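Note that the chains take the letters A, B, C, D, E, F, G and H in the order they are written out, and that residue 1 is the start of every chain.
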Amino acid sequence: MGHSPLDDLVAAVTGRAADGVDGIANGQARPDVTREGRTGVPEIIYASGKDFDQVLALTSTFVERTGRAIVSRIDDTDARCLIDRLSSYQAQHEPRARMLVLRRPGFRPPDGGRVGIITAGTSDLPAATEAQVVAREMGCVVTLVSDVGVAGIHRLFEPLRAMLDSGVDAIVVAAGMDGALPSVVSGLVDVPVIGLPTSTGYGVGGKGIAALLSMLQTCAPGLSVVNVDNGVGAGATAALVANRVARARRT
Amino acid sequence: MGHSPLDDLVAAVTGRAADGVDGIANGQARPDVTREGRTGVPEIIYASGKDFDQVLALTSTFVERTGRAIVSRIDDTDARCLIDRLSSYQAQHEPRARMLVLRRPGFRPPDGGRVGIITAGTSDLPAATEAQVVAREMGCVVTLVSDVGVAGIHRLFEPLRAMLDSGVDAIVVAAGMDGALPSVVSGLVDVPVIGLPTSTGYGVGGKGIAALLSMLQTCAPGLSVVNVDNGVGAGATAALVANRVARARRT
Amino acid sequence: MGHSPLDDLVAAVTGRAADGVDGIANGQARPDVTREGRTGVPEIIYASGKDFDQVLALTSTFVERTGRAIVSRIDDTDARCLIDRLSSYQAQHEPRARMLVLRRPGFRPPDGGRVGIITAGTSDLPAATEAQVVAREMGCVVTLVSDVGVAGIHRLFEPLRAMLDSGVDAIVVAAGMDGALPSVVSGLVDVPVIGLPTSTGYGVGGKGIAALLSMLQTCAPGLSVVNVDNGVGAGATAALVANRVARARRT
Amino acid sequence: MGHSPLDDLVAAVTGRAADGVDGIANGQARPDVTREGRTGVPEIIYASGKDFDQVLALTSTFVERTGRAIVSRIDDTDARCLIDRLSSYQAQHEPRARMLVLRRPGFRPPDGGRVGIITAGTSDLPAATEAQVVAREMGCVVTLVSDVGVAGIHRLFEPLRAMLDSGVDAIVVAAGMDGALPSVVSGLVDVPVIGLPTSTGYGVGGKGIAALLSMLQTCAPGLSVVNVDNGVGAGATAALVANRVARARRT
Amino acid sequence: MGHSPLDDLVAAVTGRAADGVDGIANGQARPDVTREGRTGVPEIIYASGKDFDQVLALTSTFVERTGRAIVSRIDDTDARCLIDRLSSYQAQHEPRARMLVLRRPGFRPPDGGRVGIITAGTSDLPAATEAQVVAREMGCVVTLVSDVGVAGIHRLFEPLRAMLDSGVDAIVVAAGMDGALPSVVSGLVDVPVIGLPTSTGYGVGGKGIAALLSMLQTCAPGLSVVNVDNGVGAGATAALVANRVARARRT
Amino acid sequence: MGHSPLDDLVAAVTGRAADGVDGIANGQARPDVTREGRTGVPEIIYASGKDFDQVLALTSTFVERTGRAIVSRIDDTDARCLIDRLSSYQAQHEPRARMLVLRRPGFRPPDGGRVGIITAGTSDLPAATEAQVVAREMGCVVTLVSDVGVAGIHRLFEPLRAMLDSGVDAIVVAAGMDGALPSVVSGLVDVPVIGLPTSTGYGVGGKGIAALLSMLQTCAPGLSVVNVDNGVGAGATAALVANRVARARRT
Amino acid sequence: MGHSPLDDLVAAVTGRAADGVDGIANGQARPDVTREGRTGVPEIIYASGKDFDQVLALTSTFVERTGRAIVSRIDDTDARCLIDRLSSYQAQHEPRARMLVLRRPGFRPPDGGRVGIITAGTSDLPAATEAQVVAREMGCVVTLVSDVGVAGIHRLFEPLRAMLDSGVDAIVVAAGMDGALPSVVSGLVDVPVIGLPTSTGYGVGGKGIAALLSMLQTCAPGLSVVNVDNGVGAGATAALVANRVARARRT
Amino acid sequence: MGHSPLDDLVAAVTGRAADGVDGIANGQARPDVTREGRTGVPEIIYASGKDFDQVLALTSTFVERTGRAIVSRIDDTDARCLIDRLSSYQAQHEPRARMLVLRRPGFRPPDGGRVGIITAGTSDLPAATEAQVVAREMGCVVTLVSDVGVAGIHRLFEPLRAMLDSGVDAIVVAAGMDGALPSVVSGLVDVPVIGLPTSTGYGVGGKGIAALLSMLQTCAPGLSVVNVDNGVGAGATAALVANRVARARRT
C-alpha cells in the first residue's frame, strides 16, 4: 500500500511512465494495474460488450501483474473458456452473479472489515452476490441475508439484529420493484447504508427505475445509492468504508 | 338512490332530456347533477383553471339542485368570495386542503362506512385532508393518523392497530418522497389500501413521481393507487368501498 | 382466519419465531406463508427471473403448508415441469395468462364475493385472465366481458348492464392503447373500478404507458389503478373489496 | 388565390425577389405575407416571447399588406395596447383564448366550410376558442359544444347528433386529463376528427401529456392530433379540410 | 352507406341487438362489422399480439359478413397460412408493410378520392405502404413518392409539384430520424398534411420519438400527426378527407 | 448513545410507549426525537412546504428535548422569526444553504471524524454548505475546497493532495452541469466518495439531472450518490462514515 | 498565445503554482485566467445563480488580469450595476442576449475568422446573439441572418447564398420548435454546421427539446449540436473552427 | 469540387434535372450522388433496416457513379455478400464498426486534414472506428488513442500531448457511461472537440444517455456533440473542420 493516491498522476504528467499506462495486446487497452494501490478498489474487468479475446488479454494481464483478476458480467460459456485457457490459476465462479475470479495460487486479499448485505427478494440475489464477491475480494467478511422485503416486514427484524450484533460497518440493501426496504433499514440502524436497486419489476417504473428513484428520495438520511444492478459499485463502496474502519481499529 | 346507473345514458341517447344535460349560465358548462345518484360520488367542482364566475355559477347550480356543492383546488380569496356570495348556505372551508363545502341548511350526507387515512409526514396533510373531506361528504366516518413514515417506522404500529380495531373498511395511505409507507401498510393489513402519492420531495423523482412509481411497483398486492395529490380520487375510492360494505352490513 | 394482522410483527420483533420467517431450501427464500391470514391475499409466486429450482422449492413449500400454490408469469415449459414434479396435486394451468395453480386434493378457497372484469380488446385478455385467476383463488365468482372498447362504444352497454344486474361489488377494467374505457365505465357505475392498463400499443405512449397515464388522469373519481399488466394486483384488490362486502352481507 | 404553391420557392431560388422575403423594421423579421395564398392558412403572429415592438411591427405589416393580422398568445395588456396603436383597424379580441384579430374595415375572409368543435370540460375552452378563431378567420362556420366529457358520457350524444346534422366536415375534439373523448367521438362519426389535447390536469401525465399520448394511441382510426394547447394548428387543419370540401361542393 | 353514425349506439342502449355486437368463436371477440358504415373506416384486424386462431376467426367473420378483411401487422408465416385457410377469397399481401387483404371475388371498394404519400427515406416505406393499403381499401387513388428527405431537399420539389398537379386532397408525409420533411412540405402546399413519424433512427430521440416531437412542434399550421409507425391511422385520416372532398365534387 | 438501534421498534410494537412516538402541538406531527441515538443522524426539520407554526413547534420540541434543532430549506424571513421566537437559544444561520441551527447554551455535538467537501463551481456552494453544516453538527471537522471543476482540471490536484494529507475519511464532491468531477476524484483517491449533484445547468439534462446520471454511471467504483441538492443526505452519509472510523481509532 | 495546452496541468501537478489557481475574494472562486491561452476560448462568467458580489469579484479579476471580462445570463439590473461599479472600463451590453462585455480601454481581441449565424425565427435571437457576442469576442467577423425557418423555406436561399459567398468557415443555425432548419442547411452547404436549439415552443417537446432531438437525429452528417439555448457553446465552437482556418490561411 | 452548394437546388427547382434526383432500381430510392460535391461529405448508405437488395442497389449505384460506396451498420453476413456480388471493386471491411467501403481500383479520396480520436474505454471502439473510417474516406489522416477514461485519468496526458504535437485540427472524444472525458479534454486543448457518446453502460442513464447529457451540459465551451453511437456524424464533422483548415494551409 506504499503506492499512494496521486502518484500515478504526477508520474504521468511529468512523463515518467507509470506502470500500467502502456497498452496491451492490440495496443487498444490500457489496463490500470495500479488502481488498487491508488484507490483501494481493484480493477474489475467488465466483460459485457467486449469480445473474448479482449477479456482474455485483460484477464491475463491482471492475474500476471497483480496476482488476481476479477471479471464481472461474464456469461457462463466465456467464463468456462477463460478458466480453461488460464488453468494454472485458481478460479472461483459465481454464475448467478456472472462473476469470475482467478487467483495465482497463494494469493490472499488484504485483511478487511465486516460488511452486511440484505435483499428484499430472491430476485435481488444476482446483484447482491456481485456486491458480495467484490467486498470479499477487497478482504471483507460478508454476511448476506435475503428475502426480507416490506411485503412481509416482520421477516426483517431478527436477521437485522443479528447482523448488527456481528459488528458490520456498512450495509448494502438490494431491492427492486418498490425499492422501499433500504429506507426502512436506514431508519433503523446507525451504520452507513448503500442502496442497491435491482432491475426487477415490469411496467412503468420497472427494471429498477422506481426502486432507484425511491431510494434517491429516501426520507432517512444516511442512505446513499448506486445505479441499478451495480453490485460492483455497492460492494466496493461498502468495503472501502468497512476496511477503513477495520484499519482504524487495528491501529 | 332510485336513480340507477345507465339510466342517464338511455335517456340521453333516446332523446328524453335527462336532468342535468342542459347547460347553465353562459351555455358552456353542462353540470352533471345526477352523478351522485348514478355513481355514488358527488360531482366535485375543480376550481383550478376556472375563473371565479364559472366557479360561482357551477357552485350555485349544485347547491341549489342537490343541496350541496363541493369545490376543490380553490384558493383562499375565491373561497371567501364564494362564501360571501352564497351566504344563505352553510360553509365548511379547509384552507390547507383548498376544499370548500357549501350546504343547504339541514342537508345531511347519506350514512356511510368507515375509512382510515394515514400519512407518512406532515407535508402529506393537504392531499390527505382533501381525501378526508370527500369521504366525509360521502357519509364516511374518517380516522386520520399522520407522520408515521418509514424513517421511524416504530411510530406506525400502535396507531395502525387502533385504526384496524376501529373497523375501517378501506385505508388511504398518503406519502411523498420515497413513497414506501403504502407498501409497508399493505403488507400488514387485510383491508384494501389506496396509495395516495403526494408532491413532496425535490430532485430526480421529486414532486411525487418516485412515490407514485414505488406504489405502482409495490410487492404487496391489494394496493391500488391514484395520481399524485389526487386526494379527491383516493377519498372517493375509499368511500365507495366502505359505503358498499356498510350498506351490506345494514341489510 | 384466526391469524390477525400485526400478529406476525409482534412475534417477529419480540423474538418468538413466527411460522414462515425461516428460510427454505438453500436458505435464501423466506416464504411468507402467513400472508393470506394476515392480509387476505395469498402469496403469489412470481416465477419470472427465478430459476426452475427456486420456483419448485417455493411451490412445494406453499402447496404443502397452505394446501395451494399460485404461480404467476410462468412459461409453458416450466409450468408443465412443475405439474410433472408435483403430480400428487391438482393443477389448473392458464397458459394465456401464464398462471398455474396447484391444489391439494380437497382444497377449497374460502367463500368470497362477486367481481366483474371488462376488457377493451382481445389483446387485454392475458392481464385480465391473471386478475380473474387471482380473484377466483380468493374465492370470488368472476364475470368476464371482453372486447367492448371505445372505438365501438355501443358494444359496452348491454354487457355492462348485465354485469351490474348480477351484483358485482368491484369491477376491473383492462385496457391498453388509449386506456379510455376505465374512465367511461367509472362514470357510468356506482361500483369501485380498478383500472388495469395493459402493454398493448406501439410508438410513443405504447406498451401501456398512455393507458396508465390516462387512467391516472381520469376525470371520473372512483377509479384507482395498478401498474401495467399487473393482473395480480388488480384481481387481489377487487377481490379484497368484494370479499369484504360479501362477508358483511353474510353477517 | 391566384398565387399557387411552390411559386414563392421558384421566385426565391432563381433570385426574383418574391413579395414577403424582405425584412421589416429592425431587419430581423421576414414576415411570410404570401403564406395564405400559398398554403391556405394565414400567417398567425405568435406573440409569446416577442417584445411589444416586434409584435407591433409584425401586426402593422400584416394588416397593411393583407388586410388583416391574427395574433395568438397575446396577454391582455399588450392586446389593448395594440388595439390603441392600430386604432384605424377593427379589432376582435378573445381574452380567454389570448387571440386578437385586427381587420381593415371591409375586410372579409373567403367563404369556407363547416367545422365542429367539442370540448370535454370547460377548462378546455381556451384552446378550443383559439381553434375557433382560426377556423373562423379561414372563413368557416364553427359550431362549438362544450363540457361533454366521458365522466358523464350521456351528455355527449344529443349535441353530437345535432352537430352531424348541421353538416360539419371536420371536428376538433379538445380534452385534457384522460384525453378519452376524441377516441370516443372518432369511433362514432364518419368525419375526420382532430384531437386537441389541453394542458389541464396535474400529477404524472398532467399538463396534457396523458391526453396527448392517449390520443396518439387511439384505437379509432381517423383521429389525428396536434400538440397540447395548439388550438391554432387544430383550427387550421380542420378549416383546411372543411374549406376543401366546401370548395368541391361549390364547383 | 344507409347505416348512419350513432344508429349503433341507439340500438345498443335501447337493447335492440345491433348487428356486430354479438361475440364470435370463443365468445371473446366482438367484431365491429358496422364500423365502416358508421365511421367510413373499415375495421382493420391488428394481428400483433393475437394468436393465429383469433386472427383466423376475426378474418373469416369480416370477409364473410362484409366481403373483405384487412389485416395489419401480420408476419409472413401467418399471412401465408391465412391465405391457405381462406383460399376461396382473393388475397393481396404486402409483406414489407405486413398487410394482408382478403376479398370475396367481385368485391370492390367504394369510389374515393386522391391521396398523396411522400417519404423522407426508403426506410419509411413500411409505414408508408401501410397507409397506402388502407387508403386504397377506402377507395382512394394513391400516389407515392419516396426518398426526398431534407438531407438533399432539392429532390423534393419536382415530385411534389407533380403530386399537386395530379389533384391530391390530402398528403401523408412519412419521416423518421429528424422528422423535418412534414414541416417543410406543410409550409409549401395548401393541402392538409398528415405527419407519419417512423421508427427509424437510433440513440436519444431514436425509434421515431424525435420525428414525432418535431412534427408536433411544427411551425407550419395545417400539419396534424399520428403515432410512430401508425400507417393505418395516417392512411385512414387522409382517405377520410379525400373521400369527403371527392363525394362533394360528385354531388 | 445508550439508546441502541431497534430498541424503539421493540418498545413500539410491544406497546411500551417509546419516547418520541407521541404527537405534538396539533396532534399531527410525531417528532422522532430518538433518531440520533438510533441512527447516528439527528432529525433535521425540513421547513419547505411547512407553515411557520409547524416549523416553530417542531423546532421548540427538538431544542427542548435534545438540546439542539437543525432546520433545512428555511427562507431568510422564517429563519429570523425563529431566532426571535426562540431567543434563549444560540443560533447559527447559513443563509446561502438555507440552514439554521439552534442550540441550548453549552450544547456540544459529540466528537466526530474528518470529512472533506469539494465543489466543481461556486454555484455548488449552497448544497455543499448544507452538507457541511450537517457533518459539523454530527461532530465532524470539515474541509471545504471549491471551484475546481473539470473545465480547468489543473486547479484540482493541489487542494486535493492537501485534503488527503489532512486525513479525511470521506469526501463529498458536489457538481452540477456535466457532473464529471466526482468520477475524476473517485479515480484518484482511496477514500469513499459521495457524489452530490446540484441543480445547476439549463436545457436538456439541466437542473442536475445530467450530473446525477453521470455520477450513477461512473466508471470509478467507490462512488455512491445522493439526490440532486440533497446536501443533508451527503453530509450525513459522509459523517456516518467518518465518525465510525474516528470511533474505531479512539478505541 | 505562448501559453500552450497542458502547461497549466504540469505546473499544477508538480506544485509550481500556475497563475490562476489561487482563489479570490472570499476564497471560494478559483478563476481560470489562463483558459483563453490554453483552450482558445476566454472564460465566460455565468451570472445566473451567483449573487452580485460573486459576479463583481469575478468580473474585476478578469478585466484586471486579462483586459476583458465576458458575462452571460446577467439580468438588466445587475448589468447596469456592474457597469457603474467598473466604470473605468468600456462596456458593451446586449440586453436581449443578457450578455455584458467589459474591456480595458485599448483592449482588442485577436484577429479571427468568419462565422455565419442563421435563425429560424425571431424568437431564436437571444440565443443567436449570445453566440454572436462570444464569436465576436474571439475575434470573428459574424454575419447574422434571421427568420428564415422551414414554414416558409423560400426565404432561406438568397441569404444563405450570400453568407456562403462571404466566406464563412462555420455556421451556427439556431432553431426552436421543430428544429428542422439546421438539417436543411447542413444538407445544402459544405461548411461545418453547429445546431443551436432554442427554448421556444410549448407542449410536448417544447422548450427546445424537440428541436434538440431533431438535430441529434439529423440525416445530414456534418451537423453537431450544443444544448438548448447554449449560445456560448455554439459561438465558441464556431469561432474555434473559423479561427483555426483563418490562422491556417494567414500562415 | 466544381459542383458548388445550392447548384442542385437551383437545377431542381427550375426543372433542369440534376444528376442524382432520378430514382433507381425499384423506383423508390433517390440516391444523392452529388452530395459529396455539394456538402463535402460523401453519401453513407445506412444498411440497418434496409433489405439486402436495397443495399446492393444503392451500393452499386454509388460505386459506379462516384467510384466508391461507404456502407454503415451492415452486419457481417450482408457485408460478405456485398463483397462477393461486387467483386470487381476493392473492399475494406471493419467488422467491429460494421463499416464496409468499396472502391473502384485506383480511386483515391481527396487530400484532407488531420483528425484525432480518443476513447474512454475499449467498449467505445466500435463508434470510434466508425468515425475513423468516415474521416479517412474524407481524406483525413487519423490518430486514434483508446482507453484513457477518467477512472484513471493519469493515462490521458501523455497520449494527448503526442496527439496535439502531431497537429490535429479536430478531436473526436468517444465515451459512454459517465461521459466525463470529453469535458476534461475540451478544458485542456485549443482544438474543437466533438463529443461522441456511446451506448455503453446499464441502468438509469445507460445506453449512452448519461454520457450524452453530460456532454450537452459540459462546462467547457468548445465541445459540440452528436447523438449516441453516431460515429458517422462525429467523423464527418471532424473531417469537415480538418479538411477546411488543411485546404486553407495549402492555399
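One rule holds in what follows: a residue touches a chain if its C-beta (ideal position, glycine included) is under 8 Å from a C-beta of that chain, and two chains touch if they have at least 3 such contacts.
No experiment lies behind these values; they were computed from the predicted model shown.
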Fewest touching-chain hops separating chain B from chain D: 1
Shared interface partners, meaning chains that touch chain C and chain F: A, B
Chain pair showing more contacts of the two, A-F and E-H: A-F
Chain whose mean Cα position lies farthest from chain H: B
Chain centre separation (chain C, chain D; CA means) in Å: 47
Chain A-chain C separation of Cα centroids, rounded to whole Å: 37
Whole-Å separation of chain centres (CA-atom averages), chain D against chain E: 26
Where chain G touches two or more other chains at once, by residue number: 9, 13, 35, 151-153, 157, 186-188, 203-206, 209, 212, 216-218, 220, 227, 230
Touching pairs among all chains present in the structure: A-B, A-C, A-F, A-G, A-H, B-C, B-D, B-E, B-F, C-D, C-E, C-F, D-E, D-G, D-H, E-G, E-H, F-G, F-H, G-H
Of chain D, residues touching chain G in the complex: 8-9, 11-13, 15, 17-18, 20-21, 23, 28-30, 32, 35, 46, 48-50, 54, 197, 199, 208-209, 212, 227-230
Interface residues, chain E side, partner chain D - complex: 5-6, 9, 35, 38-41, 44, 134, 157, 160-161, 164, 169, 186-192, 194, 212, 216-218, 220-227, 230, 232-234, 236-237, 240-241, 244-246, 248-249, 251
Chain H-touching residues of chain E, taken from the complex the two chains share: 122-123, 125, 146-148, 151-158, 200, 202-206
Parts of chain F lying in touch with chain C, wherever the complex brings them together: 9-10, 13-14
Chain D-touching residues of chain C, taken from the complex the two chains share: 120-121, 149-153, 176-180, 183-184, 186-188, 201, 203-206, 209-220
